[in-house]
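Note that the chains take the letters A, B, C and D in the order they are written out, and that residue 1 is the start of every chain.
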Amino acid sequence: MGLRIQKEARPESMLINMGPSHPAMHGTFRIMLELDGEKILNAETEIGYLHRGFEKTCENKTYFNLLPYTDRLNYVSPQINNLGYAMTMEKMLGVRVPERAQMIRVLMCELSRISDHLTCLAAMAMENGAFTVFLYMMKAREFLWNVIEFTTGSRMTTSYIRIGGVRADLYEGWRDSVKTAVCETRAVLKDVHGLLDRNPIFLNRTRGVGAISREDALSYGWTGPCLRSTGILYDVRKAHPYLLYDRLDFDIPLGDHGDNYDRYKVRMLEMEQSLRLIEQVAALIPDAALPGKADEEIEPAEAIRRGRMSKPSERIRLSPNLEGSEKVRYPKILTVDAPVFVPPKEDTYTTMEGLISHFLFFMDGYGIRPPKGDVYFSVEGGNGEVGFYIVSDGTDRPYRLHLRAPCFHIVSALEQLIRGRLLADVIPTFGSMNMIGGELDR
Amino acid sequence: MMELALSFLVFGVLSAVMILINFILGPRKPNPAREKPFECGSPPLQSGIGPVNIPFFLVALLFLLLDVEIAFFYPLALAFRDRGLAGLTALGGFVLVLGLGIIYAWKKGIFRWS
Amino acid sequence: MEKENLIDEIRQRFSAELESDTETFGDQVLVVRREGLRAVMAGLKGLPFDYAVLLDLTCVDFLESESRFEMVYHLYSLSRNRRLRLKVSLPGANPVVDSFAGLWKNADWLEREVFDMFGVAFAGHPDLRRILMYEGFEGHPLRKSYPWRKEQPRIPLRD
Amino acid sequence: MSGLDFLTTRLETALGWGRKYSLFHYPFITACCGMEYMSAACAHFDIDRFGAGLTRFSPRQADLLLVVGTISHKLAPVLKTVYEQMLEPKWVIAFGACTVSGGIYQNYAAVQGIDKIIPVDIYIPGCPPRPEMVLDGLLKLQEKIQKQPQDWRWKKKT
């Protein structure tokens, strides 16, 4: 292979692959190193090992069907990608989302952000030898995922945030499971602060290693915790407030040198802020009007049979996986504006209009058809600004959908950060960048 | 005398079995790819390993030296009770000499990779 | 500077290169002629406008229209907290556009990705190679003419 | 059954028992299922309870190849090389829908199931599979190892 590094390499230096299938390379990233002993003379990175044709696949799916693909982009904080895609479509369709759905969205996204930072720091600490931190953080992440799983039904790939709202309402016992998740995470964060903050080994491996100047960070298009570690204040939640972030108070931690230790520090402090946000939003969300145990519930088939004559008055017992999207709670969690409205199941079973509009929504060629034109909208993801650029030509399939992947820009600076350093410095530098294959190669 | 020979016999056979069991019971399927070096799955960039740098040799020698030193601690620790003070001074001298060696190497900076 | 007179300033400064400037869904869009693109980019990165960050760079393939490819640049000015979208249309035959790897360092990889996915060449790019696909891959997958499921396996597959 | 047959069947069950409870796995992690693998391997759902906890990051020391996450065509030769460099006896688990059948990525980039590249023993469906499904898949593999005819050096190839 005519690789650049093979052409430029000096004859006596050693050429080594830190290849795709490497524990610290998250399985999909390859660094070719030209070594003089332990010193790195030259490095070349190769990506694309997890290129799954996301943008081409989206051009052949309808707007509604491609939501699950957005979960698998930054699969460590999937709900933030959902949010980015859903809000881009809402900006294009001009749809207003109900208040309660916005609060649930902020809660879910902050939970995802914490699990993103937890996974990144766990992997970085484990690769530097702190295996206990990895086990502690995975334990904390289990509690966060419990809340997400009880609400959305899946631990990770949830497709929960839909265009126009959320899929289902919060379940009954959500307040105390959020409370346990928050205090468990706080306990783990306290432990990790004790374990790593003044740990000489961790400090020697990360302080002053992989430092980047502010001009370089901006020139490489860095955003998110990595940019804030160099001291530049740019957070999409503050710069272009969306959802309720302008009403909630949280501050943005900043580093000063832009090295690995600051990236670790900024992520740890950002988790504190996200915990504060979760508590504020949990206080804001009112208790939903529970459908309550009606005296008599009938099966859907029975309701349809009765529905032929007159609209049945009894309540319909829905299947368990529709729990949370009953008719009485429906307007609070999903918008009623025309182009994105899917009627609740009770209407679909019993009324003619519900059945037709439901069928029409999912029929090929109908569904969500935004006006012609292109739109760009971005949200603050775990790694930085996750932006969706959608070009629509009026049909129900996007003509072009492009994702602005934050870690594509962050990782493009890796070659410059590790040139001239020792071989062991590659691991903490790459770990603190939090490269996610799904988002990098799309 | 008898139990010494017996213990050598038992432990010898046991360790031989544990070492050779792989050789006896492991299936053999020759595979050309297995001869190539493992480079994280990607094709190796250069064939063969070039000359290795000097600092690697220094660190290797130092390690060998100290490993042997630790190997000498073991019999001394066994025979320590009846040797008393004389044993302690012998051990102290031995450790002192090698300790000086390490401090000298440290100050000369063979661990600091220039 | 207020939003309006910033756009007027840009319009008046680069009147020769600008074809049109519209506003779709609340985003400011400038359509620039291909020849004047380098001047506009350098000017926007410069001080009065201070668009220091190249947020995103991508390409859209309009198969039907005669100027087939359309490059889309998103710039962001940190001090003014403003976003700007620039569009340049390229012919379908052999699309070439100036490379901005000199102005912004992330343009290097972004342009390599657009070259890999669309086949748009970038004049002056330091190392224009495929970035996402592998060597033996012919064609550019994100073009509308490339079929969605046409696999080109790299090693013989067992059926 | 002659004496020799009795001995060899006893040896095979002993070998099967030994091999099934000491699986060293090589986690070939690429995509989202890796997050679920982390949960399955860590304290909460602990894969170590079944003897497969020790992760070996070199194919020379691993006898179970755990392929986790989407395998794209660019990664196919890497997977094939790692599989061939593993020592006998070796087994492969396909973890997640993308490894089983290409999952939701039916396009030019993803390999439609890793049995197009290497022989697979156990398929774990799910996108991503829950940790309990992963442990269930591991138990099924252990059953398979116990029941399959063992291979050893002096065995007369029938």
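What we mean here is this: contacts are C-beta pairs under 8 Å (C-beta built on N, C-alpha and C of every residue); 3 or more make two chains touch, one makes a residue touch a chain.
This structure is a prediction, so every number in the text was calculated from the model and none was measured.
Q: Identify the chain whose mean C-alpha position lies nearest to the mean of all protein C-alpha atoms shown.
A: That would be A.
Q: Out of A-B and A-D, which chain pair has the most contact pairs?
A: More contacting C-beta pairs are found at A-D.
Q: Round to the nearest whole Å and give the separation of the Cα centres of chain A and chain B.
A: One centre to the other, that is 48 Å.
Q: As a quick test, compute the distance in whole Å between the mean CA positions of chain B and chain C.
A: Once rounded, the distance between the two centres reads 58 Å.
Q: Where the CA atoms of chain A average out and where those of chain D average out, how many Å apart are those spots?
A: It comes to 30 Å between the two C-alpha centres.
Q: Could you give the separation in Å between the centres of chain C and chain D, each centre being the mean of its C-alpha atoms?
A: 44
Q: Show the residues in chain D shared as contacts by 2 or more other chains, in ascending order.
A: 74, 77-79, 82, 107-109
Q: What are the residue numbers in chain C that touch two or more other chains?
A: Residues 133-134, 141, 146, 148.
Q: Residues of chain A that touch two or more other chains: which are they?
A: Residues 1, 19-22, 48, 51, 53, 56-57, 441.
Q: In graph terms, with chains as vertices and touches as edges, which category applies: line, ring, star, complete, or other?
A: It is other, because the touches fit no line, ring, star or complete pattern.
Q: Could you list, by residue number, the parts of chain C that touch chain D in their complex?
A: That would be residues 133-134, 141, 146-155, 157-159 of chain C.
Q: Can you list the chain D residues touching chain A in their complex?
A: 27-32, 34-36, 38-39, 42-44, 55, 57, 68-70, 72, 74-75, 78-79, 82, 104-105, 107-110, 127-128, 130
Q: Which of the residues in chain A come into contact with chain C in the complex?
A: Listed in rising order, the residues of chain A that touch chain C are 1, 4, 47-48, 51, 53, 55-57, 59-60, 91-92, 216, 218-221, 223, 232, 234, 239-240, 373-376, 378, 385, 387, 389, 391, 399-400, 402, 404, 408-409, 412-413, 441-442.
Q: Would you tell me which residues of chain D are touching chain B in their complex?
A: 15, 58-60, 77-79, 81-82, 84-85, 87-89, 151-155
Q: If you look only at chain D, which of its residues touch chain C in the complex?
A: Residues 73-74, 76-77, 80, 106-109, 111-112, 115-119 of chain D touch chain C in their complex.
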